[in-house]
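This report refers to the structure that appears directly beneath it.
Order of writing sets the labels: A, B, C and D. Residues in every chain begin at 1.
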Amino acid sequence: MADLVRTGISLERQLLERFDRVIRKKGYKNRSEAIRDLVRDYAVAEDVEENRTVVGTLTMVYDHHRPNLSERLIQVQHHARGKVLATTHVHLDHRNCLEVVIMKGPSSEMKHLAGQILSFRGVKHGKLVLTTQGRGLT
Amino acid sequence: MADLVRTGISLERQLLERFDRVIRKKGYKNRSEAIRDLVRDYAVAEDVEENRTVVGTLTMVYDHHRPNLSERLIQVQHHARGKVLATTHVHLDHRNCLEVVIMKGPSSEMKHLAGQILSFRGVKHGKLVLTTQGRGLT
Amino acid sequence: MADLVRTGISLERQLLERFDRVIRKKGYKNRSEAIRDLVRDYAVAEDVEENRTVVGTLTMVYDHHRPNLSERLIQVQHHARGKVLATTHVHLDHRNCLEVVIMKGPSSEMKHLAGQILSFRGVKHGKLVLTTQGRGLT
Amino acid sequence: MADLVRTGISLERQLLERFDRVIRKKGYKNRSEAIRDLVRDYAVAEDVEENRTVVGTLTMVYDHHRPNLSERLIQVQHHARGKVLATTHVHLDHRNCLEVVIMKGPSSEMKHLAGQILSFRGVKHGKLVLTTQGRGLT
């Protein structure tokens, strides 16, 4: 198990009561878990900023009737070999596909790949999420 | 095929030249596709704001050694039945899992489900992407 | 002075060390102040989400040579009377003005006013910041 | 006056009708102005990304009873001399001040200054907006 330590923080009573109300509404069972989530989110934002290796998921919606698009999507992912871990495909309707590409790499490279894919004709919308590899945020 | 129309817009020459330089760098082949992407992104943001039915992907990283977490994750997804379309799982290392949950529903419901999942102990980080179902953005 | 309380949180040692390194780099003198900032930011986000009364600043850049624009900007701010607290104007160059409008009101009303102003011809760019009134976040 | 050019873009009829409905609701009088706003926003985002000289406004709320805070705020702004163009101060209540600092400089420097100010004890919340100098976006 991870090596837990305890730290004390001082807060104004009013702020703490306010925080407790909000996190209860969001479903948190206790204050420590809510603060750990804020701390981890802060650390992940810094990983991205500093161009460290992070995990990324690119969500995109595209029209699979568009000629050559599927081939181009596969090709560009293969050229980024070593970075793409998995791809999931969902048929939204007879024309529209949702695809989630799960990748690993420096944040700048993943932003570049995402930009490239979104510029393809037939890709209607897309968003990149950058998150942690998990290690060091245990 | 979709019913294409042509519309004219007037822009300052300097702004247009600037835009052309930026989109070329991002990989766009032509101006129409870049502007369509901006227009679609604007329309998707409004769908989310107005709580229409959209598609969402929740990316999360969690520690699968955490007792009962996998069961809770499956349970909460099942109770949101009809909304979860697919889930992809990637083993990042011996402790850390990445999971992408693909969902469909009103944007507020997906935000709620995402908040609930992120509050679970052992879920280290997560981000929700809300995008289009594709129809009407052809 | 505010009524300070102390609360203990448990974190994994590795995460805490990581957090300490990041906040030192950002200029924080101690951990409590950094965590208070995260907690306050979280509380402010909830105020905005719940459409409570918050303080907003709208930053915009516009071309003051555009006929009637200054009048329209003043007019729309006056009709929102009671909400606009102050306006600051900076001459960026002979054509371009930066204006910051400081407002107070429910978050949805300020988003509406901001959208209206940004739709005016001659307003080139703008962004709305929503923050706290300060009370209850002491 | 600026040198206006006209460009044609092709869009799917359904998408264009959708866009027209949304922009009317937001207050736009015509399609060209709405598209120009999207194009300018895209260009500004790239200026920020590429660390070009932009204009920034830092909105912060602080407790002016906090000893030495006002001095520290003034000092740090002066050391960033040449970048701070103006500051506006609003008394929110007997304790809480809102201050908007208007600056000009490379985007990374302004992010650094903002981070420094937000780390001060007594500064409760803050957000940085980065926008254009106006030139080239006429």
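FYI, a contact is a pair of C-beta atoms (placed from the backbone, for glycine too) under 8 Å apart; a residue touches a chain by one contact, two chains touch by 3 or more.
Quantities reported herein were computed from a predicted structural model and do not represent experimental measurements.
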For subunit D, the least number of touch steps when starting out from subunit A: 2
Whole-Å separation of chain centres (CA-atom averages), subunit A against subunit C: 25
Subunit A and subunit B, separation of their C-alpha mean positions in angstrom: 10
Per-residue multi-chain contacts in subunit C, two or more chains: 40, 137-138
Contact graph of the chains (line, ring, star, complete, other): ring
Touching pairs - complete list by chain label: A-B, A-C, B-D, C-D
Interface residues, subunit C side, partner subunit A - complex: 2-16, 18-19, 22, 31-32, 35-36, 38-40, 42-43, 46, 136-138
Touch list for subunit C against partner subunit D, complex: 1, 23, 26-29, 33-34, 37, 40-41, 44, 55, 57, 59-63, 65, 85-86, 88, 90, 92-93, 95-98, 100, 102, 115-116, 118-119, 121, 124-127, 129, 131-135, 137-138
